[in-house]
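Pasting the structures in now, so scroll down.
You will see two complexes here that share chain A, one where it goes with chain B and one where it goes with chain C.
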Partner chain A sequence: MSAHTKGSGGDGMKWVGRSIRRVEDPALLRGRGRFTGDLPATHWVRFVRSPNAAGKIKSISAPDGAVVITAADIKGVKKITPMLHKFEYRPVGQPILADGEVRFVGEAVVAVVAATEEEAEDIADLVEIDIEDAEALVDSRVAIAAGARQIHAEAPGNVILKGEVKSPGFDAVWASAAKIVKIDARSNRQNATPMEPRAAHAAYDAASGRVTLHCTTQMPHLMRTAIADCLGMPESDLRVIAPDVGGGFGQKMSLCTEYVLVTWLARHLKSSVGWTEDRRENLIASFHSRDQYVTLEGAFDKDAKLLALRADVLSNVGAYSCFPTTSGVEPLMAMAEMPGPYDFQHYQCLARGALTNTCTMAAYRGVSRPVITFTLERLMDKAAKAFAIDPVDIRRKNLITTFPYKSAMGLEYDEASYRETMEMAVEAINLPAFRARQQLARERGEYLGIGFATFSERTGYGSPAFAARGMAITPGWETVHVTVDPSGYVEARIGSSPHGQGLRTTLAQIIADEIGVPPDMIKIVHGDTETAPYGWGTFASRSLVISGGATLIASRKIRAKLLKIAEHMLEAAETDIVLADGKAKVAGTDREVSIAAMAREAYTQTHRFKGEIEPGLSESGTYDPPGTFSNACHVAIVRLDPETGHVKLERYLVAEDAGRIINPMIADGQVHGGVVQGIGNALLEEIIYDESGAILTANLADYMPPTAHEVPPIELHHMETPSTQSVTKAKGLGEGGTIGPPAAIVNAINDAMAPFDVEIDTIPATPQRIRALLRNAERAP
Partner chain B sequence: MKPAPFVRHVPRTLDEALKILTDVAGEDGRVLAGGQSLVPIMAFRLAKPAHLVDINEVEGLDKIADDGKTLTIGARVRHAAFHQPVTANPLGALLSYVARHIAHYPIRMRGTFCGSLAHADPSSEWCLTSATLGAVMVAKSVKGTRDIKAAEFFDGIMSTNLKEDELLAEMRLPLLPADAKFGFYEFSRRAGDFAMAASLVTYRLDGGKIVDARVGLGGAEASPRRIPEAEAELNGKAPSDAAFRAAGEAASAAIEPLEDHQTDAAYRRDLVKVVVRRALEHSLT
Partner chain C sequence: MTDKTAITLNINGKDYAIEVEPRRTLADAIREDCGQTGTHIGCEHGVCGACTVIVDGAPVRSCLMFAAQADGKTIRTVEGLADGDRLHPMQQAFMDNHGLQCGFCTPGFLMLAVGVLEREPNISDEDLIDVLSSNLCRCTGYQNIIKSVRAAAQEMRK
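== the complex of A and B ==
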């Protein structure tokens, strides 16, 4: 269900705002998608991975005649060494194959090459790696404790970065507080679990000496830059193609060592080489996320108004630093955005990244914000309890209501609807009726709970925002080339790299409105460094805002040129010409010319323009915006079985504001998918290491994404506050759905457990954890 | 996730199947029925059998027979065969209710009853059913036929007393008394996951008092079994919340709990207490 209430429509637009069907779907639904793993290859790779979390490699043995590659064979290949120029960052390098030492279970040590995947796996089974076991440091608190074994020589104390902020006058405000409320939150480790695991296919062309790498990635251009750097080859000798990509969620925006090695092998063997990881490899050796301890304290005045926040964020970044974001991606995101949607001006934060003998941390949909929103929203509920007021009321007192607003971190929040979306959600869920039902249920020994999460989400931010992190690779802008070809059809080449977001549909809607041709005459070309302009790909809720903005800018140039051509061909003043329905018309007359005819003229009859109009009909737009804040209120209603600790989600509601909505159906789909992943974060999904650093959850029976049974109907309500920081007025919404559920659901669980006077501040809130609290609680069954 | 090399044998008759099993017994030969457990563990290379004896083409192994005393279930009867009751005896309704808790629909279309028993996962619903109801497993080899009682069949986690050259050709379940009551409850985190604890109970009422109570427990210990301490709390008593709770408590105290990353011993005992009581409560509905 969608309710569009604020500022939608009314401006004469035709395609934007409509739920047209996704042009991406027919091929995918009919099995005609083309994925990396579908490509035939002459050679296949199987990686032999470290069974140990830490230790020196003493020897490697392989069966006679097997083609095996080890670190000794690739001496000239550079390590992946991401760089930050701030926050006491210690650059650490990751060898493409473990070189003398292993640092996590699953680290690639040997690459076996054979004619088929099956044969490669058979040979890999016979490879033996002898490792002199060293103590595994798994937990971040243990890794940074005094005297802990150092994982990288470059990072003393295993701290890879440290960010600190403290607003002027903080101490005095803190001392003035009527109440300090504190939470020690724990977020356990998760895996993004894309349906398609990682895969790469590199083919060497003997004629040109070039390599074409197909890989499942969110950023093909940066993969080319990074891999060419590692291999010391000209970028122009490498073509990177992201064909259909079966989900990325951030896991596929980081460079993985395997892609470098597959490219190296294609050059080395002068042949084609394929690799598709299996689910176990994806679970143990791709990238993990969300492994954080967050201690958060809020200082409130006597009226429950928040005055200041003090945070300590410790992020377990694993064994290496991810490229391009670096392992600052989680702790620095947490530091910057912890203040959330609340009005206060004093903030202190210490954010650190701890190196451990675990799989490397990288971005996962929401990046830290599911964790910080969980922490902050739990804090607000604890504060409500401390002041004996309703959780909704404490938010009413504290949400930002005037814009633009400058946060304690100095971020500028554009116009949003924090308060309005919450009120919309409160009304839709019918809070008084729920409280009555909850009371009756308790009398029957049934435990229902309701939880709210309100949050802001910075989306669509360009290079200035990324530059604040001091990254050696500072992403941000996007370029789009729009061309009307001589047949009047339109092609837009984009640097973004959509992989399920429906961008081919939504960008076509934007172009259609601007130049007056229907979306089915518009093709969006992406994912190939040979045909798409350099761009940063698709991540960070950015593509519709930034690539969409660049598309609009380029389309406006096309529009301006079409009007000039029409003026010339119709011999009318530009101001009298209307572009619509594939035609230019002179208002109030029957004189018209089709866009196809104008396009043909632009290429083939340019002599008629007498030098006043440049030949061709192709324009470029680049956009690098400051960023815009989306917002939402999520509400969960749960039924808790106190005897087993089981939590059943009865209802889930989202009131979302992502500015102008280009395609409501696609927007709803983004929120639905995000909420489902958020439910996994809240209740089910957890990567568990034992003390030796071995993973106990290396398959999808032990690592538990939600299934259809665990997901209730998700009820959506939209508000539209058009963004002033985005040329399309749209805000990003790719990640928002994922951010709210841990907070809303765990708040609801705590509401359900209120009669027992115990609280859970750990995600996922598993039945075992809930039961452990209730077992020792008075009055609990 | 590619299995290690193996030879697949496809016998057409039982004699042929038993002959091949004997031939390959020394080389880790395994029977392939539905493959819903064996194939995944082969893909993970946790099992690397050199030979698979595929019984899917063997005639006569897909029969279910009710002779008025016993229900006989052939080696290739799929879980889905029990979606509807296979007999008017209360056992039919019991098996039908239990079957719905086995994994997911596509798995039930392929996986087999006897395959579950031979695989002997501690949380298997059919292993629990067999242990609770006193099934007899019929093991065949070229040497002859051996009947094995359920209590002697299961031998720890994923281990049975079947010999390498034996095929679990069929299993026999005694029909229930016409007035038998049954109840079943299992707990898992997601629908279709392995049970973290499950209980199947049967009993009769004689003058309002419970007689012949059987309380089976699965998923909690290395092998499913009846829990006599819980049965003792029920026999001779009228069904009541107090009696059911006492049975749950007794079972919880009696077990040697399995432990894993999502279930420590204390939590397993909590779950056992609940599933036994809820199975008993289910028997009244």
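== the complex of A and C ==
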């Protein structure tokens, strides 16, 4: 377990690196959080959703007098049509309400409006939609097969995009290999499942004609831009607020049709309109992810050194393309980052997105990396078996150890600790002792297994990385405005939009060190387009790196200005002045002035500066970094019951490196949460469609996110390799925890099943799937 | 719309005389009729436990109880845990041990844990995990929730 210092300052210690308590907590602990669903509204919306996966809408009927909105009522509202300018992308549009045709079970067809949620639900129950059922294409391989029905006129063959790369000289290297090892991996579909379902609340202001939209989003500014575009209204007439948001995990970064409609209704009714989805809607009709087939082949030389990798990624992107990332988010991430932490220079990849009659795919914590890491790490274990060496040894031969390193995809990896974190994990888990215990257990008919996963994770990347995908909307940079007010208190307005990550605390720590005031005098303002500068929100393990970097840049400017003011007020040379504990002091003397007095001076006594210092104490910083790579090694120890297929996680260990850690307590919390989502991914969670395109897992009892029961104590070990690609030296770690578990756990299951000579390459590795393999195994119990 | 019934909910020591439809859940009544929005609704299927409140001393899922069934009963919600400015030991432990991130499931976990520890102050570790596995959290991975509740249990036994 990692030990962290706790404290609350005043002793001249640096704030960065300390586990200070979160400023976010008191309100949330007292039930004083403000979530979108807490707001009262005059009108409530209930969506009537398609019960069919595909087909033409023949008729819609509603009870007399009911207020129902259909596609016919919102003809002027534009479809959501995300765009990529590369990879043979076919732009497909999503109507705000299904227009003449439905494409997945759960697609919103009718919006019922009433005075209460209950009334709206009662009326919705009486709305009838008659659909001429068409064949549902659920599986991506079926959807792209020759002759399959075309889901969108714009996308022949149901392929929405196709990326291909092949490094020069690939074929010759491939032909020279001593062994080719292959895996056909299957990742089933998941739902990010934030505990707060989606909600929107739009209120029209009659005096100004403006609308204020509260919604559960990770990116309020882009929601404003996109919704104003759809509705053909000036952005200045729309204010978007992300209040407290109850988890997002990527699901809340995409634009939902529902938010557009709720905003339209507020303008149409000139009133306030609320919508809170129920859990069933969230599970069937929000956004899904991770539904992929990946075939991966590795070419190894005679010493088990990886020479080349060949990948075929088929991502089921659902019925529409998500905004802003587009449905390229999974297949293109897979293509770019498949090479992972291994040293080889020859790579071939085909990555495709298949349109199907299922809920739209969007980002979910880790995006493709839990899947590609699972596939690549299974491949390494298979290769170890083929070469009859230990899984740790094959990684020792192949992990990158010199930096900077240019991957076969051309990505530049900054300094990292792939090998070191693995050795740290191997030592902490005591591998020889485990092998001995495993042997003894097998002799008693008990099956234990150990699995490793090593990976690199691209984090904190700015606009060049998104531009490389050809995105019409290219996120990346962040701006932060830091102001010291005349009372000496500090306010930082940020474009990021945290929703559980503790960014208000960690950014305050960064500012505190730079300008010498304690974090409790620093307020971070976010999540409101009226008060926060334009920014891209919180996703992709970016906020601490990019907003944190912008915060540092702005704070340094404030610091520089404070030093100038102190120079004036203390009549000392700038180089002799130290900023700490809320004061500027002249080193080696008792002369000092408080930051509050300097701030007051900066606004109210500017004539003293004789034009040498500009009035006020407010600075801006913008940061748009290239990206930095975090890394980790995860280890799982499992106990398999071959008679039931049940897997018990006995131990889970993470050795991770995310560069400089700002707040160890918060960093650990991010890893814990990620690992448990990864455990769900590995063993439990699955959105299951039947052949007709209906979802069989439409409540949490069936979808099965992990509970406290399924989770062992998670052991964390840290290394800190400061990033050269991040001004704070911090790397991102929001997603890392989620990436390792499917690989580590399924490798462990396969290790446990080794005596039966069967292998599982599908996630989640459920008892049913494991039993099916064991039943067919020759030596099955 | 069906006829409404007059009921009284006693929430955190205060009586709320309200009129509700028979089908109104306790969760909706607490949030919408009594304005106490600290109690959250995560699934309405009784699976996630975000809406857990304490009714007559026992933690219950307020989405699975009708408001009318709670007529005249004593209800405690997250808003009633702290004693003025002083946080309840459970709230303090969650803060000290980073037992929350987004905070949406937190009120449910707090009420579940307080409700159980008040009845069983010496609950075993194993039983405690059993109890905590009745609520879902998507942010913390439960590690620090378990740590927080163990710390609060010690404090509450003092």
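Heads up, the rule we're going with is that the second predicted complex is superposed on the first by the 770 of 781 C-alpha atoms of A that agree within 3 Å, B and C clash if a C-alpha of one lies under 4 Å from a C-alpha of the other, contacts with A are read in each partner's own complex, and residues count from 1 in each chain.
Rule of thumb we're sticking to: a residue touches a chain if its C-beta (ideal position, glycine included) is under 8 Å from a C-beta of that chain, and two chains touch if they have at least 3 such contacts.
The shown structure was predicted, so the numbers you read here are calculated from the model rather than taken from an experiment.
Student: One more residue to check, A:33. First (chain B), second (chain C), both or neither?
Tutor: second
Student: After the superposition on A, what does A:145 contact: first (chain B), second (chain C), both or neither?
Tutor: neither
Student: Just to be sure I read the superposition right, which of the two partners does A:121 touch: chain B = first, chain C = second, or both, or neither?
Tutor: A:121: touches chain B, not chain C.
Student: Could you tell me if A:709 is touching chain B, chain C, both of them or neither one (first, second, both, neither)?
Tutor: In the superposition, A:709 touches chain B and chain C alike.
Student: What is the contact status of A:502 with respect to chain B (first) and chain C (second): first, second, both, or neither?
Tutor: The answer is second: A:502 touches chain C but not chain B.
Student: If you count the residues of chain A that each partner touches, which comes out higher, chain B or chain C?
Tutor: Result: the larger residue contact count on chain A belongs to C.
Student: Would you sort A:72 into first (chain B), second (chain C), both or neither based on which partner it touches?
Tutor: neither
Student: By the touch definition at the top of the document, which applies to A:771: first (chain B), second (chain C), both, or neither?
Tutor: The answer is first: A:771 touches chain B but not chain C.
Student: Of the partners chain B and chain C, which touch A:24 in the superposed model: first, second, both, neither?
Tutor: second
Student: Applying the document's definition of touch, where does A:701 land relative to chain B and chain C: first, second, both, or neither?
Tutor: Both: A:701 reaches chain B and chain C.
Student: Both chain B and chain C touch chain A; at which residues?
Tutor: Overlap of chain B and chain C footprints on chain A: residues 118, 122, 278-279, 699, 701, 706-707, 709.
Student: Could you pull out which chain A residues touch chain C in their complex?
Tutor: For this pair, the touching residues of chain A are 21-22, 24-26, 28-33, 35, 37-38, 40, 118-119, 122, 193-197, 244-247, 249, 278-279, 499-502, 665-666, 668-669, 672-677, 699-701, 705-709, 711, 713-714, 737.
Student: Going by the contact rule set out above, which residues of chain B touch chain A in the complex?
Tutor: Spelled out, the residues of chain B in touch with chain A are 1-2, 4-5, 44-45, 187, 189-194, 260-264, 266-267, 270-271, 273-274.
Student: Could you list, by residue number, the parts of chain C that touch chain A in their complex?
Tutor: 1, 21, 23-24, 31-32, 36-45, 47-48, 50, 77-79, 81-82, 87, 91, 94-96, 98, 100-107, 110, 129-130, 132-146
Student: Show which residues of chain A lie in contact with chain B when the two form their complex.
Tutor: These residues of chain A touch chain B: 117-118, 121-122, 125, 278-280, 643-646, 684, 688, 690, 696-697, 699, 701-702, 704, 706-707, 709-710, 766-768, 771-772, 775.
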